[in-house]
Structure formats: structure tokens, C-alpha cells
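These are the structures in question, set out in turn.
Next come two complexes, and both contain chain A; in the first it sits with chain B, in the second with chain C.
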Partner chain A sequence: MLKFVLRRLLQLIPVLFILSVLVFSLVHLVPGSPIDVLMGDIRDPVVEAALIARYGLDQPLPVQYWRWLTNLLQGDFGTSIYSREPILHMILARFPNTLLLAFASAVVALVISLPAGIIAALYQNRLPDFGAMGIALAGISIPNFWFGILLVLLFSQYLGWLPSMGYVSPAEDFGAAMRHLILPAITLGTAMSANLTRLIRAEMIEQLSQDYVRTARAKGLGERMIVGVHVLKNAMIPTVTIIGIQFGGLLEGAVLTEVIFAWPGIGRLAVDAVYERDYALIQGVVLVAAIVYVLINLLVDISYRYLDPRVKLG
Partner chain B sequence: MKTTGLLAATSLCWTLSAGALFADEPRHGGTLTVGVASTSVTNGLDPHIILGDNTVWALSQIGEGLLHFDANMNIVPWLAHSYSISDDGLVYTFELEQGVRFHNGREMMAEDVKFSLERILDPETGSRRRQNLEIIDRVVVVDDYTVEIHLQSAFAPFLANMVGVWAAVIPSESVNADGSITHPVGTGPFRFNNYDMGENLTLDRNDDYWRDDVPFIDRVVMTPVSDDAARMVALRTGAVDIVTSVPSQLLPSLMANENRGFELMVAPGTAWRMATMNTTRPPFDDVRVRQAVDLALDREEIMLARTFGFGHVDNQVWAEGRFWRMDAELPQRDLDRVRELLEEAGHGDGVDITIEARSVFLDDAQLVQSQLNEAGFNATIAVSDWAALAERMRAGNFDMVVTGAGWYADPDGRYARFYMPGGPANWLAGSYNNPEVAELLTEARLVSVPEERRALYQQVFDILQHDVPNPILYFMPMTMAWSHDVRDFRTDGQGGFANAETGLKYVWLNR
Partner chain C sequence: MAQNTTAQHSTAQGAAAPSPAEPSPATAGAEPVLTVRDLQVSYQTDDGPVPAVTGVSLDLAAGETYAIVGESGSGKSTVALALLALAPIVGGEVRLAGRDLAGLSRHELRRLRGREIAMIFQEPMTSLNPVLTLGYQLIETIRLHQPLDRAAARGRAIEMLEKVGISDPARRLAQYPHELSGGMRQRVMIAMALSCNPRVLVADEPTTALDVTVQAQILSLLDDLRAEFGTGVVLITHDIGVVAETADRIGVMYAGQLIEEAPTADLFASPMHPYTRGLLASVPRVDLPPAGGPLAALHGTPPKPGKAPPGCPFRPRCGEAMDVCSTMPPLTRQGLRSVRCWLHDR
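Our next item is the complex of A and B:
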């Protein structure tokens, strides 16, 4: 087990190295430089020359890359051209917020999709199935941002139950933090639940037709036991994989939700950084997101072992 | 009995009027939350590197300059209580207010003025206002409260360039070792508290503010709410007290609704949309083709479509009655003349152009496109983001760009900035280069009599009306909304709120 984890972590090194080259090249190949954005509607060749020299943008790209990489290896992600703050500090300030939102959304998605998927599978091609699949289809089709606004109008403006926007740290005021979390988590979670419901339904249907189910029924095991323990556990293996992949998507796909709810997450930081050509910040965000993504998939792999003891890690 | 009754009645009256009186008497305390229509409330925290209107507003709560504008855009003394100009126009002497303290408790002195100006002039600082003050030869500290600024040559717009937070007086100890500012310190009505995660900017009341009695509110929190719908909900639910922009499409119904539940300001505004043409390459190097564009545009139609009639059409920033307003007629659509002009220019059978725009100006660009195509152009549209577009525009690699620009206080800021070859915003005027205009603009800088200056700008304006490198399409309305319990939120006639008589320092909360 430990060996497996270590090996996976070692595999991370070449992945990150290749990624760093890719990100760096892409970011620098996009037309427009941070200096253009920094100067706004002004041209001042004297100031521009000073800024270009300060950020080393006059150096050849391989030199710039080498500088960035060597600093990175010493734990220095550089400073943002805009805020002049250390990039690692900016990312670490926002990443927990995004993780919190992603985690809460995944919980919402599971709470919706597990019962919906199971019921749909058990009542295949009957009314509950059509109902659950209809809702899932709507979930996929309804744009995230629109659904978010609807939730805000209902729960904030008309009912006044929940705040319409903003973020409160759970460490500061747990109750307020949860109230602020609910609407964005539902917005993001429902979108994710739609796919999951369909997946769980399909897996459940497949498992229900397996030999072991017939055997279990033949030996007189209760239906509740068969579905709740045996079938569900087997159906969860591909589901967990998808959750892992989607969770990665949540990390960066949450931009629209973050905009609507003014949620201080990594998605908006990344988008702003791209518009501003804040090179080091884009690179830093992508790298950190990649690390987290790989780590989550490692957790997914480890969880297989508990779902299916035949899976050997290593 | 009779007397008592009278007394009771009188005291009742007194109580009522006192109640009304107290309700309108500014009250101290409270936290004001501002929902800013942007993904970030400020671009950085350095008052000398200001980028964008939001940043101006945010940082002008913290930092102040020697001079200010009043609500009519006259220059008024601020941190300097008076100033004098030598007869040759080369030396400006400023007498500073005494007893003005920075937020760190130290008194502001002449040495700080010198430090601040020299910091702006240092290219390493990266100030976007360096060129405005480039004319400064040296800054001399005469005594603790007197500072002399020597110019290289007479420069009429100099005072205007010393106004406000762009030339903020800051203490040298607020600058980090690497030259950056991450905790801004100034003399303004609010002191910097925190800018958490690049999200909320929190400012606290400056209890030692040098102007008497203000500000009233204890704390200002500026929070970015870029989504239009979310911002309006935030105002209605009380999550924010002020929003900085109300979407145009909501204005017709909100204006008609007395019970909308909040105060609404719709002012003429000073931000315009324009069509910049590249004067350095065909087809727009030919003035006739640019004139054809100018006459092909139906500005009223664009303005109505984009602002629902709440914007206005004009070809200059200064409103009727302002000193710097030029005598001018608005160009009217004339398709026959357009056809003649295109034929004269050798484009009788149409001319291919590409209109580029950022996504925020895409709707404007599409209206321009359809109007030009009606008039004999063959225009296509390309969308780009700012960084990529700016790079191409600066390299002179474009036909036409539909974009926006802000407002400038002094005519030198408006005209020389765009139309002086190599001027700071000359690239946004399609690198327009007319030696006659350059000469007039240079002359206007040396003339100190306002009426004479105005005559020179009128000449510049007339030439530009003929040359039309970047015709103005229309002006966006300036909109804001705030809850009923936000009191004395004053704005000037055009919707501005960052000058001496307006802004957050006079606001109080009736809660």
C-alpha cells in the first residue's frame, strides 16, 4: 500500500515536469503580454522598458523558463505582476475555498444521484425511472449560471432564507459559512448529479443482471440486502472513478458559479490571470490544480481496494 | 388647564420636528458594503500605478493629492491650501496644510511631496501617470510646509495633472523594499485595513482625518460582483448597500417604478464608445474613407439600442455650459455623401474591412458593422481579448477597433493624449499624425490664458471633425444604485463621485 502510494507520487514528478513545459509554452505563445494589460490605454516606452526588464520578459523563453523552474524548485512561485503578492500565498488563500465548494457540491451530487439512480434502476422503464431520468436530463441541459440565478431569486430575494452571495470562513462563523455555501453547492452539485444519476442507473442495471445476483436471490437473500450491499458496492466502482474525474472538473469548472455567487475561488483567479496575462500566476494555478487532481485520483485508486478487494494496488 | 394643553401641543410639535431633524443629521458608525461591477475591486494597491475607474475610486479613499476637483471640475486646493505660479510659468509653489497626518500617525510634510513625485517619475515604479508629470524638472523642499516644483518649460495643463490620487502624497515608509506597495498609506478619509484574497477590500474610518467631522461610516467593504443579475439581487437583499453599475436593460422599468426599493442615479456619464481607424494603412489612411465611416453611422440608433435611450450622443466630453465645450455640430448620417466619398477614394464597388472588438463591445461593433454594410462597406467582425488586441493595435496591425475610453479633466488630457504623435493614447486614435494638430497642441500647452487655450483647442477640434481618426459613437450613462438608508451619497452632474465634494467621505448610514 505504502509502496503503491510512493510510486504514484514519484510518477507525479515527470507529469509535473511535462506539464510545466506545456503550460509555460502555451502561456507565452498567446498573443499579448502582461505589459500591454498593465499599461492599459497608455503607451509609455520608458516605463514599459523598465517593467519588461523587471519581469525578465526581455530574456529568451528558455532562460525565462529555467529561471521560473529553478525558483519553483525552491518553493518560490514568483509574484503576481498585478497584486505584487507572492503567488503561492494567493493560491493557498483561495484553494481551500474552491476545495470546500467542490466537496460540498460532490456531497450534494451524491445525495441526489444515489437514490435517484438506484430507484431508476429498480423501476427500469417505469414511471419512477422516467421521472429520475427526466430530472437528470434537465440537470444536464439547464445552464449552470441560469439555475444559480433562479436559486438566488427564490431563496434570497423572495424567501430571504439564504445569502445571495459572498463567502464566510468556516473558522470564523461556521453557521454563516454553511449558509453561504448552500446555494453555490446546490448549483454546482445538481449539474454533476445529472451525469452521476445516469451512470449509477446504468451500472445498477448491469449488476442486477449478473449471475451473483441470481445466486443471491436463489439462496433467499432479501432484495434490500442484495441491492443495498452487493449490487450497490459493485456499481460504485465506476461511479467513484467518475466522481474523481468530475471533482477535478469542479476545481476549475466552477468559474461561472464563482462569478454569480462572488465566491473567492481558484477558478476566477485563473480566468482573471489569463485575461491579464499574469504569466507566473497562470502557471502556478495550473500546476497546483494538476497536483490536486493527481492526488484525488490517487485517492480514487486507493478506494477501489475497499470497494473490490480483488483489486491489487501496486 | 389651557396653558398645559398648549404646552403639551408645543412639546409634541417640537418632538416631531426634532425627530425629523435628527433623521437628517449625519450619524456616525456602521459598515457600508459596495458591490463593484467588476471581477476585482482594484487592480493593485499602489496609488501611483492606477489602472481603471474602480481602482481610482477604491484608492482615492486612501490617498489624496495636493489638489482636487470640485463638483464642477474646477481645480481646488486640497493637501496644499494654496499655490502660486511664477510669472514665467516655470515654478509652482505649494503651501501645505499643517497637521495633516498619514494613517501611520506621522505628519505629512514637504519631504513626502518630493518623495511621492519623484517616485511617480521613476520608470521603475511603473506609473501610468509618469508622462503627465514628465515636465517636472525638479522638486525643491523650501521648508516643512512649502514645496517648489520647477518645470522644464511652461506647461498649462500642469495643475490638472497634479489633481487627485494619481499624484497622491504617500509616506516613503509605506513602500516595500522591492519598490512595491502592498499596504497603502495615505492621508485620505479611510485607512487600508485588508485586501483579502484579492476579493474584498476593507477600509476603516480615519479617525484623525484632517477635514473636520468626516467621514461618518466606520468601515467600507468593497466586494466584486461582476454578474449583473447577482449584483442587483445583492442590493435588493441588503447584501450590499451600493452597486456601481445598473444594467441598461433594467433602467426603463426601474425608472418607472417608484417602489423599486432603492435609490437610483442615472447621469449622462463621461465614458464613450468609439470606432478607432488605423490611419497608417489602407483603406483608412485615406481621410475620405474615414469620413465615409463618420457619415455612415447612425449614432442615435446605436445609442438607443445599447443604452435604451439613457445614454447620449455627442462628439465631445464637455457638456453644454462647460468652459471647455467646443462649438460643434454633430455629424448626421448621409448615405449619398458616403457613396460619393467611397467612389472618390476608389472604393465604388465596396471596401473590405475587419472590425475588431473585445466581447464587452461586441454589441456595439455589430451595430457599426450593419450600418457600415448598409452604406457600401463590406465589414466582418473579429472578437479578441484586451491583451491580444492591444498588442496588435500598438503594432498598427488592424483596420478598425470598436472600443471605449474614459474622461479627461483637462483638454490637454483629452486631445494631446490621443492626437499628439507618440502621445500616450495615440495608438487608440489609429496612430493619427497631423503636424498641424501637433503644433496647435504644443502651443496650447504654453498658453496660460484659458480663453486663448480654448481658441487653440477649437482649431484642433475642427481639424479632427474633418480627419475623424476615432469618431465617438455615443456616451454610456453613469448608473449607480443604493439602499434608502445610505444618506448623502453625493455625485456630480455627470455621475462622478471621486472629487472633493462627492464620494464616500460624506456618506452616513441611517440605521
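Our next item is the complex of A and C:
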């Protein structure tokens, strides 16, 4: 087990190295530079040259990359050109917000998709199935941000039940924090549940035709136990993978949703960084997101060991 | 083996009146634990109902082994499932210990399955749940039907595993199906099926997926347990050679019908139906001098369910078909035997 985790962490090194090269190259391929943004309307070549030299942007790209990488290896992600804050700080400050939103969204997604998928499978090709699949199809087809806006219109504008945007720390005011969380979590969670419902339905149908289900019926087990224990435990194995991958995606920041709801997460940080061409910040955010993604996948693999006894880690 | 137990039944209590509806002389007298009368099973498909079993009748006495032999598609596995009301019965009746399954609620049926009538399947690899421990699956079955606490049920599970010849049973409870060989898994299935001491065990091709040596072990284990518990066994197989030693009586199925039924020794000695003769001729025999020349084979294939020609379904493949065969032959009784063929309709 420990060996498995260590080996997976070692595998992370080449992945991250390649990623760091890609991120660095992409960022510098984007037209415009932070100096343009910093200079604004000022037209002074001397100041510009001084700024360029100050941030080392006059150096050849490989040199810039090397400097960034060596600092990174010492735990120094650099500082933001604008806020002058250490980038690692900025990311760590935003990350819990994204984690909270991702977690809440995953809960919403599971609360919807688990019963919907199971019921659809049990009533395959009958009305409840068509209903669940129709809603899932709509969920996949409707753009996320548009659905978010509709939710804001209904629950904030017309009904006035929930705040339309913003974030309150649960440590300050738990109730207000939850009220601010509900709409973005529903927006993301429903999007996630659409795919999950279809997956759970397909897995359940597949598992319901397995021989062990016949055995369970032959020994007199009730359908509730058959579905709830025997079938569900098998159906959850592939489902957990997808949940993990989707959750990893949420942790990288749901960009559109965070922007619409003014949610101070990683996604919005990334968008702002791109607008400002804050090279070091973009690189830092993408790198951290990648690390988180890989770690989530590792957790999914480890969870396999507990869900599927046939899987041996090593 | 006990080929003559059935004969004993009938001679010992021969005075008892046979039931009016198709009395089976083989178990007449001894109250059969399982009675099947004119069983009809149809599966619903997109093209409408497809009959899989069309009129099967049989009796099973306690402690008896009744083998149903047939090719794949003959409906034998459907009969097996129907005995537990797990296949859509559309006509006829299945009586277990005197109770008609058709009259039972779903709840009552569930209480019956596993306790009064249990089943083991062909594929021990897939018939156990791969993600639950053997202990969980065994104890679940035991506690479903017996008022035992967890510890007592665990004790019963260990006892059953010992009975089916599994070493170190306490440790096995924590293992998963994939950690056992196919033969071991089938032993666990048998332990599970017999854990509540059912009156009837339905074994659907229990050895087909196993190595030949393991096959013999499992069959003899089943036979020992049958004798010990007095369980009636319905053994379903496509391999008539498998049942020669263990079955008391054999019923041969073709296209959803029972076409011949006889005590095992009689069937092997003098098969009456042309199909049974063909089946037996296609089994290599070491106890007979070689006939010289290739082993006989039945020509053609059995009709698909619902696609049988009118009259005798075996007619297109039968070397002795006559004009009269275009109408369905009746089931004719001759002593302990019965056959559905115009050749024997006297």
C-alpha cells in the first residue's frame, strides 16, 4: 500500500515536469504581456525597459523557465506582479473556497444521481426511466452558466430567498455561508449529476443481469437488499472513478460558475490571472490544479482497493 | 447408486391411491416433496411471448435424485428456475410440499426460496457476488431464514463449509470468491444452498464449468449430502453421462417437453424415444466393445423455442418419423416409464 502510494507519487514528477514546460510555453505564447497591463496609458520606453528588466522578461525564455523552475523546487512560486503577494499564499487562500464548493456540488450531484440512476435502471424503458433520462439529457445539453443565471433569476430576483452572488466564510456566519453556497452548488451539482445518472443507470442495468443477482433471488433475498447491497456495491466501482475525475475537475475551479456567482475560488483566480497576464500566477494555479488532480486520481485508485477486493495495489 | 429407491417407494407403499392427475408411478405412495403438473413457461420478448416450456410434469420424492437431461435450448434451465417461481409460469402448477407456488405472495415466495427449495448454478465463478465476502453471503442466507444471531449464524456457516469439504472454514469466511478455485466456489454454493436444510435442491448444470476430476468430486458430494439431509435433488444437465451414477430417475427434455422419463438403469438399458436413443448413442461407452466406425451423432439441431413444427417437435430429425407424427403424440405410461412418441402409443 505504502509502496504503491510512493510509486504513484514518484510518477508525479515527470508528469509535473512536462506540465511545467507546457504551462510556461503556453503562457508566453499568449499575446500581450504583464508589462502592457502595468504600463496602462503611460508611454515611456525607459520605464518599460526598466520594468521588463526588473521582472527578468528580457532574458531568453529557457533562462526564465530555469529561474522559475529552480525557485519552484525551493517552494517559491514567485509573487504576483500586481498584488505583490506570494502566489502560494494566494492559491492557498482561495483553495478552501473551491474545495467547499466542489464538495457541496458533489453532494448535490450524488443526492440527485444515485436515486435517479437506480430508479431509471429498475424501471428500464418505462416511464420513470424516460423521465430520469430526459432530465439527464437536458442537464447535459443546457449550458451550465445559463442554468446558473436562471437559478439566480428565480431564487434571488423573483423569490428573494437566496443571495445572488458572493461568498461568506462558514467560520464567520455559517448560515449565511450556506445560503451563499446553495445556488453555485446546485448549478455545478446538477451539471455533474446528468452524466452520473446515466452512468449509474447503465452500471445498475449491467449488474442486475449478472448471475449473482439470480443467486441472491434464489436464496430468497428481497429486491431491496439485492439492489441496495449486492448490485449497488458492484455498480459503484466504475461510478467512483467518474465521481473522482469530476471532483478533480471541480477542484481545478469551475471557472464559469465561480465568475457568475463571484465565488472567490481557484477558477476565478485563474481567469483574473489570465486577464492580467500575471505569468507566475497562471503558472502557479495550473500547476497546483494539476497536482490536486493527480492526487485525487490516486485517492480514487486507493478507494478501489476497498470497493473491489479483486484489485491489488502494488 | 440407488437406482432402485424409487422402485422401493412404489412397492413398499403400492397400495396408496395415485393422484388422479397424471399419477407418477415412480413416487406413488410416498408423498412427493415436489410435484410439477403440465408446467408452461413463456418469456416475453419484443416479438411476443415465446414458449420455453410446454407441458412438463414430474414428481420428486424426498431423498431422490431426478435428472433432467436435454440439449441447450430444450427448456431444462427454465424448468429449474420455474421450480423456484423465478421464471414466468403461465400455466400448470408447481407444488412444493403440497403448496401451490402460484397461490403464494411475493413475500411468501421469498421465504420459500433458500429455505424450502434452494438452487445452485452452472457458473460458480459468477454466481457468487464478487465484492462481498463468502462469510457475508453465507451468513446473509442463514440469517434470512433462521432466527440466529450473528455469532450462531457464523457457527452454522463454518459448520456448512466443513460439511462440503472446505479446509480452514473460519478463515474462508473473510475471503472473496476470486480467492477460491472453481470447485471450491461450487462447494461454497452448495454449502449456501443447503445451509437452511431445504427439502429440494435444484442443481442447474452444477459441474459443467468444472474440470472432470472436480466434477466427480462435486457430484459425489451432492450425493452424500442428499443422503445425509434427505434432500430431494433435481439435477439439470446436458451430459447424460454425468447422471448415470447419481440419478434415480431421468427425464429427457426436448423442445420444452419431457419426452421420456424412466428409472436410470431402464433408460440406459432400453431407451424408448428415438431422441433418447440418439443421445445415448452419441455418448462414448467404455463398458461396451467398440462398434468400429465413428460415434453416432444426431443430425440437425433442435428447433428454436416457439419455432417447433406442429406435431412431434423431434419429427424433422427423427429417422423413424411417420405420417402420424405431424400430430402431437400423447405421453404414454408403461409401468415406471413414460414416453411421448407414436412408436410406443399402444
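We adopt the following convention: the second predicted complex is superposed on the first by the 310 of 314 C-alpha atoms of A that agree within 3 Å, B and C clash if a C-alpha of one lies under 4 Å from a C-alpha of the other, contacts with A are read in each partner's own complex, and residues count from 1 in each chain.
Criterion: a contact is a pair of C-beta atoms (placed from the backbone, for glycine too) under 8 Å apart; a residue touches a chain by one contact, two chains touch by 3 or more.
It should be emphasised that the depicted structure is a prediction, and the values quoted were computed from it without experimental measurement.
Shared-chain residue A:Ile237: touches chain C; no touch with chain B. Of the two partner chains placed by superposition, only chain B is touched by A:Ala93; chain C is not. In the superposition on chain A, no contact is made by A:Glu206 with either chain B or chain C. Contacts of A:Ala216 after superposition: chain C is touched, whereas chain B is not reached.
Of the two partner chains, chain C is the only one that A:Leu307 touches; chain B does not reach it. By the document's definition of touching, neither partner reaches A:Asp76: not chain B, not chain C.
In the superposed pair of complexes, A:Gly160 makes contact with chain B only, with no contact to chain C. Residue by residue along chain A, chain B and chain C are tallied for touches, and B comes out ahead. Touch criterion met: A:Ile149 reaches chain B, while chain C stays clear of it. Of all residues in chain A, those touching chain B in their complex are 30-34, 36-44, 46-47, 49-51, 54, 82-85, 90, 93-94, 97, 145, 149, 152-153, 156-157, 160, 163-167, 259-262, 264, 268-269, 271-272, 275-277. Remark: chain A residues 210-212, 214-222, 225, 229-230, 233-234, 237, 307-310 touch chain C in the complex. Residue ranges on chain C touching chain A, taken from their complex, read 84, 86, 110-115, 118-119, 121, 123, 126-133, 140-141, 144-145, 176, 178, 189, 192-193. Per the touch definition, chain B reaches chain A in the complex via residues 39-40, 43-46, 51-52, 123-124, 126-128, 130-131, 176, 178, 180-182, 196-199, 223-227, 229-230, 233-234, 236-237, 239, 385-392, 394, 405-406, 422, 424-428.
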